[in-house]
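Beneath this line is the structure, given in structure tokens, with notes to follow.
Chain naming follows the written order as A, B and C, and within any one chain the residues start at number 1.
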Amino acid sequence: MESEIPGYQVQTDFFEGPLDLLLHLIRKNKLKIMEIRLSQITAEYLAYLESKKGINPSRESDFLMTAATLIYIKSRSLLPRPENPAEESPEKQLIHSLIEYEKIQKISKMLQDMEYTERLLWRRLEIGENFANREYALKEVSAFQLAEIFFDIVKKKENEQFLYISSKNYSIAEKQTEILTLLGKNGFIDFSDYVAKLDSIEEILVSFFTLLEMIKRHLLIAVQEQLFGTISIYPNEAGKLDN
Amino acid sequence: MNPEQISQRIALIEAILFVSKEPVEPGRIMEFLDIKDIEEFEKLLAIMEKEHLQDRPERGLLLKRSGGGLQLATKSDLHDDLKAFFTIKQSTKLTLASLETLSIVAYRQPATLAEISDMRGVNSTGPVKNLLQKKLIKITGRKKVPGLPALYATTQEFLIYFGLNDMTELPSLEELTELFEEKEQPSLFK
Amino acid sequence: MNPEQISQRIALIEAILFVSKEPVEPGRIMEFLDIKDIEEFEKLLAIMEKEHLQDRPERGLLLKRSGGGLQLATKSDLHDDLKAFFTIKQSTKLTLASLETLSIVAYRQPATLAEISDMRGVNSTGPVKNLLQKKLIKITGRKKVPGLPALYATTQEFLIYFGLNDMTELPSLEELTELFEEKEQPSLFK
């Protein structure tokens, strides 16, 4: 069961990003942001990164970017150079980011407290449609909202068609076998070539969903060499083991 | 039950019935309140129903027993007022039905009523009329198919309302797909 | 207003708020009740809020102002009981990443994805999508810079979700600094 304790839920097991980690190190060392020399905590930051402890892997590149900046700052600090007050040094920039990020954390904490209080109050789960027919003042509707409404309609329509299609001749299981056979023969599938050979829009859709599902289940890997380039499908050797 | 307990329990019943979207089985509430005796429970309901709802002119709700369940509903003498309150039309307001229709005309123009109704899955005569009256859409011609249905397109007023210079400034569907599409496809294999 | 009128009007307000899906603009109710004087209306609300809801132990509801409107909700001390009664899960809370993103949008609006990612120090596509889907933020336009990136702002749902009447109820950055400085780094990082 999820805890309902008021207050900032600190994730002790990982950091949201490099700024989060830096602030943690600064506080841990009882340093003050305004007075800090970032070179003081560079080693510790790198050690964290190396241990991968508390690092959110999907954010890894962002952590690495900041590591590069820290190393650069450190290298600069080793070289005596005249201080140019007009110059925005990378250190000043990073410290500025940290100060700003600290504010964000404070606001987040406040919003979290407000969220907690509000969640104690229950609204009606669903209200009968008899009277409630919402109206929108035109001023409140932006072009994007209009686009979103159209998008929802198209989505709904697509879903209907998909249900209709799936009751037709093409089955996902058959398609899966066909794709695996093809991969066994050729080693890979060029997506656009493959689609071009299919007979109907129904077959294309079923094949496409089959491919998506197989990719999701790690049976296949889709590789796109460049933006808007062709997509190649390969069997996922690693994925076969857990199936 | 002492008076304090009675109050507490009635407050909880009110909250439960307020939140619930369907009638709630009395048995579930009895069990939850740990009341074993049906008579005792009925007494509680009677107090709530009569003393706290029916007899109080400042209350707009009543306790209803329907479909084997308990439910709060508005008092019947308020129905005319409620109907009047919720149907006040303000000239600048659009219903969701009108907005849906407008979005279809904007993206599929020129479009016929049949095409609009087909996309929305419901007859859209009402919203089309409404939008014509508000001058957000206009008839631009007739489709060359049997019956020669009217073709609708958006107007200059439409552009002004949405702060657009021309139709190319409407967000594209690709942009939206990117923004709103869930990454996770529901699994087809289970 | 005589006492009878007061009761009648409070009953109607209760019924309107009970039926309505969303917070109701006070102005609409005033107009409907033909009350011209805002003070008179506030007095009515105060009687309803205090005498008929807050001070009565047998009432499970309270009167809320959020998103610029009036709304009924359950009293907060009933939360645990309601949670136990309705085994349904309440919608999940916002993640820290979403809260950070929302903080930036709230205080810097309108803001682009790039600005948000830059301030957080990490790519924020995920939380932005999540908040769009939850309708806590919306796109208000495009920034006139290369690529024409979308600009994000908070919504009416944002106000309702956090129980705010309007954006001015959010403390200013200066106030926040004071608020948190007193506590001198709460024991987050001991």
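Definition applied: contacts are C-beta pairs under 8 Å (C-beta built on N, C-alpha and C of every residue); 3 or more make two chains touch, one makes a residue touch a chain.
Source: prediction; values computed, not measured.
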{"item": "Comparison of A-B and A-C by number of C-beta pairs in contact, larger one", "value": "A-C"}
{"item": "Most central chain, Cα average position", "value": "C"}
{"item": "Chain at maximum distance from chain A, centres defined as averaged CA atoms", "value": "B"}
{"item": "Inter-chain centre distance, chain B versus chain C - centres from mean C-alpha coordinates, in Å", "value": "20"}
{"item": "Gap in Å, rounded to a whole number, between the CA centres of chain B and chain A", "value": "33"}
{"item": "Inter-centroid spacing, chain C versus chain A (mean Cα positions, whole Å)", "value": "27"}
{"item": "Per-residue multi-chain contacts in chain B, two or more chains", "value": "15, 18-20, 82, 85-86, 163, 171, 175, 180"}
{"item": "Junction residues of chain A, two or more chains touched", "value": "122-124, 127, 131-132, 134, 142, 144-145"}
{"item": "Chain B - residues contacting chain A, complex", "value": "15, 18-21, 82-83, 85-86, 90, 92-96, 99-100, 102-104, 106-107, 119-121, 161-164, 169-171, 173, 175-177, 180, 185, 187-189"}
{"item": "Chain C residues within the chain B interface of the complex", "value": "4, 6-8, 10-16, 18-20, 28, 32, 48, 52, 56-61, 72, 74-75, 78, 81-82, 84-86, 129, 132-133, 139, 141, 150"}
{"item": "For the chain A and chain C complex, residues of the former touching the latter", "value": "2, 7-11, 16-20, 24, 27-28, 59, 62, 66, 97, 100-101, 103-112, 114-115, 117-124, 127-128, 130-132, 134, 140, 142, 144-145"}
{"item": "Footprint of chain B on chain A - complex, ascending", "value": "122-127, 131-139, 141-151, 153-154, 156-157, 172, 209-210, 212-213, 216-217"}
